[in-house]
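Chain IDs A, B, C and D follow the sequence of writing; residue 1 opens each chain.
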Amino acid sequence: MVDLSVDISGLKLKNPIMPASGTFSEDLAEVFDLDRLGAHVTKTITRGWRDGNPTPRVCEVNGSMLNSIGIPSKGVGAFIEKVVPFYAHYETPLVVSISGNTADEFATLCSEVSVPGVAAIEVNISCPNIEEDGKAFAIRPSSTHDVMRKLRAATDLPLWAKLTPNTGETSEVARAAEEAGADALVVANTILSMAIDINTRRPKLGNLMGGLSGPSLKPIALRMAYQCARATSIPVIGCGGISTVEDVIEYLIAGASAVQVGTATFIHPTIMLSLIDGLEDWLSNQGLSSVKDLIGTVIDGEQDEAVVFMEAAP
Amino acid sequence: MVDLSVDISGLKLKNPIMPASGTFSEDLAEVFDLDRLGAHVTKTITRGWRDGNPTPRVCEVNGSMLNSIGIPSKGVGAFIEKVVPFYAHYETPLVVSISGNTADEFATLCSEVSVPGVAAIEVNISCPNIEEDGKAFAIRPSSTHDVMRKLRAATDLPLWAKLTPNTGETSEVARAAEEAGADALVVANTILSMAIDINTRRPKLGNLMGGLSGPSLKPIALRMAYQCARATSIPVIGCGGISTVEDVIEYLIAGASAVQVGTATFIHPTIMLSLIDGLEDWLSNQGLSSVKDLIGTVIDGEQDEAVVFMEAAP
Amino acid sequence: MDDVPSIKAFELPLSVKSNEPVNGEYRLLVLAAPRDILKRCRAGQFFHLLCPQAGGETPYLRRPMSIYGFYPEKGELHFLYKVTGAGTRALASLALGDRLNVLGPLGEPFTIADDWQDLVLVARGVGLATLAPLALEANRLGRRLTAICSARHPDYLMSTDYFASLGADVITLTDAEGTSDLDNLERVIEGLVATGRADAFYTCGSNRMLRLLQTIGERHGIPGQIALEQQMACGIGMCHCCVRPFNRGDRQVHLRVCREGPVFDMMEAIAW
Amino acid sequence: MDDVPSIKAFELPLSVKSNEPVNGEYRLLVLAAPRDILKRCRAGQFFHLLCPQAGGETPYLRRPMSIYGFYPEKGELHFLYKVTGAGTRALASLALGDRLNVLGPLGEPFTIADDWQDLVLVARGVGLATLAPLALEANRLGRRLTAICSARHPDYLMSTDYFASLGADVITLTDAEGTSDLDNLERVIEGLVATGRADAFYTCGSNRMLRLLQTIGERHGIPGQIALEQQMACGIGMCHCCVRPFNRGDRQVHLRVCREGPVFDMMEAIAW
């Protein structure tokens, strides 16, 4: 018997596999028993109603995808009324992903969703916001610190900060989030990308640009997960391009305490179950009795800080 | 007859296809006639001797690759003595890529390589440097501006600034380079990434992390090329993941005036020739008489600046 | 644990029984499928197909494909498709015995209200794939069906025999014969309305047909349903990439084609 | 335009003549190749192979593979390989008539100095693939060759008949028989030295063998060459990923295995 459970700053998960925000919903309950997952993570919501971006909202790029869904949201009221009760049927803890255009609106929403039935709040500080000339909070350590302080003050629930790969300051942003009170880091969101249809000469996405997810993102997000695990002492939840059990293991070895699976669920809706089973088998074949014995075991020698925390390719 | 020639701020190239720095050398002359290329771009050199990074220096990731070659260099003396004369046998203009640990050393090298036989200087401001706590100059607009000013003062040759994707400020960095006197932008270098061998638990690269290149990089670099073309009025040279003629066309439509081909040459050493021929055929099938009629023809509607220059995925 | 949804969609590797061209443009893919899955299928629903690597191409996302036929007795699931890009090219490469990973059945099916006795189906091109199983259902329920099939050329008309064999009146209109223009279509449909043969319309795909049917529907108070297409990633409602706008009262709402659709109220649909 | 290098390496799609297992671990791949390319090949050189997509895997970089045999008369190019990962698994999937894109010939070959009359070749496992064509060359030049072939088990000894047919003295050492340990290898080689049968050594691959040969070489002033491996991207000298350190006088230099190698001076090589 392998122990798959992990502890994310006090929140115990029965296994380290959970969905990534925006790639999961109640609808998946029609495909498998959602109680097998380590956690449930909702699509990001905003306080008010939002429509999302123009279509087309997705396109394929070389074995991966771009999306510019935006954040269509029915608002916090509908969410608390309909979505939270749905997940009450499950034992798996519910993590609510939220976002806001300004730090204050964000914090208000944070306290509004701090209701029974919600186990943790994932704060999506990686989409463009209006206070910072369209930059995501998580692009800069200073804006990360500011918004996280307000969010921290707004709730007693565990706060997970979701970081962006669109930055040259990964470690500094991670430390800023930790200092301002984040309980865990989710690493990472999608990276801004583009594709053009050469026949029509139009962007393939209605919104011009969108986020790259899937296998192409993996080496980038894995590097960030490693750097964040080395830069802070809070748990890191790896996310980006995971589609095989080997990918899960790679993130755990790099220092992630758990992982989120996004795009791969679109390709194989039951993949999270295969990953849970595959991880258990692999650990047991390796003679490991707990997944915790794998986390952070990368052999990175005596690398100096300058290498670990570098931000451009050497 | 299709006119493939392009003009990069006064430097006329017979076609818009050239190699990317570090993925080309004199050795390729044993595979095809180098005079067919639009330009020759050397591996980055430094002033003094450098060994490069520990092996393994490359690994495969999902249909793309990571490298941490570092910048092994024989120094500027050997370069001027041996390499520059080699390229004198060709009509194709020679572009020399240089880098330095400090802005001053960089500028000194820049004036040292401003010799007859060199048509332009590509300044690789996208690798980690010591004055900026291991950040590349091109991560921040301010450090970009500082180093570019010194480089500008050091030479009368055309200066191409090579940008990094490891930033959350692409447009600002591009504008800083333009303001400080760059004649063109090369967009972009590799993005910092990592891969771990799950059996040995060691990083797959001797240097822990390295740069992602090849098809996975394309949507990211294409987005940056588009943003840079919109943000500045100097020519943009697209680079990242190009391996088909459709990729070349996509970059040109996005606003690039020429492109560099890197990793694809490792897979098909003669690919640049196929791209030149393929581009000519495609233009002629489209009834276009000049490649210039294709450049920047993306139909991006009336997008506002906030969308064009956004820096995180929506 | 009550109130938890039951399992309705299945990810299955099915084996190919045949995959033959139907005419120059379309192919019929027949898969062997478990009976209990086939029994769950309804006209208008779709499967989300994981196209294989083929010819150096690797389609990444799944491709949505309407159920063209489902036969629990024979254990067969049919798709009629047109080769348009990497995914459908890969489908065309499937040979007898190959496996294809499918996800489904998905989406909301067509419905036939109790008082809709005379159904009119208007389809063009690959839209027939989506509307064909409706004929079977109409036949099962003992409703009368007129199938108006439009195509570029008589050679490209498909399924007309199939419709006829299910007792439908078949009307064919083609560009080649100059009978497929909108004016003529309108005349044909008005003729059906006039003779009491149009309690409801079923259509899919074409913008111009939608507008025409909405006009005629409004004119005579005849309801209808339309099956719509949109690019899909997940196919099951999670990603919100497949939305389209609809008129609901005086508001516009965005609905997911994979979830609230692909079949929608014809009057609410917005031409594009 | 003089002084411009001539074209020496070619990117070619070659067709597969056969691809059969040689024993449990190795396979022999025979490609049909143009005569003028085969005439350029030399023992010790390699080709860089673009492995196909196979079984859902897509190897990306090319894989370097020593020339095991080149036969201009028959128009054949041979590779002997061991299946170890995605690339070689893909090679193993090649069937008669399939095309394989190869790049070559590449690298510096073995050399046989005029005064090296008695050559000693020491190889283990897949190293035989690299050293085998040297036997042909030695035969052509009328030199005497002793081939010391080491393997885990007599069943895994390859090419011994081939060496013998070229007039080589073949000495086999196996783990199973307990004859392949370093001490015994040293005794065997010292025996050859003592009888004047060792003017030069040729080896590849194994660290322990390299050390032993360097010791013996130094002891008796016998030169040698070694073929080395390193991960490669470009294979032609552009990327500098394939470097290894070598002793040159009192300096350490980094040389590219694909370009200055894969054959290096045995005494300069540094065990790893």
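One rule holds in what follows: a contact is a pair of C-beta atoms (placed from the backbone, for glycine too) under 8 Å apart; a residue touches a chain by one contact, two chains touch by 3 or more.
Source: prediction; values computed, not measured.
Shared contact partners of subunit A and subunit D, listed by label: B, C.
A separation of 37 Å divides the Cα centre of subunit A from that of subunit C.
Centre-to-centre separation of subunit C and subunit D, using mean CA positions: 61 Å. Averaging Cα coordinates per chain places subunit A and subunit B 32 Å apart. In subunit C, the residues that reach two or more other chains under the touch definition are 58.
Each of the following residues of subunit A touches two or more other chains: 62-64, 67, 69.
Taken as a contact graph, with one node per protein chain and an edge wherever two chains touch, the assembly forms a single closed ring in which every chain touches exactly two others. Shown are all chain pairs that touch, namely A-B, A-C, B-D, C-D. Remark: subunit C residues 53, 56, 58 touch subunit D in the complex. Taken in their complex, subunit A has these residues touching subunit C: 22-35, 43, 51-52, 55-60, 62-65, 67, 69, 72, 89-90, 214, 263, 265-270.
Residue ranges on subunit C touching subunit A, taken from their complex, read 1-11, 50, 58-62, 101, 103, 230-244, 254, 259. Within the complex formed with subunit A, the residues of subunit B that make contact are 53, 61-64, 66-68, 70, 126-128, 133-136, 138-140, 164, 166-169, 189-196, 198, 200-203, 207-212, 215-220, 222-223, 226, 241, 246, 249-250, 253-254, 297-300, 303, 306-314.
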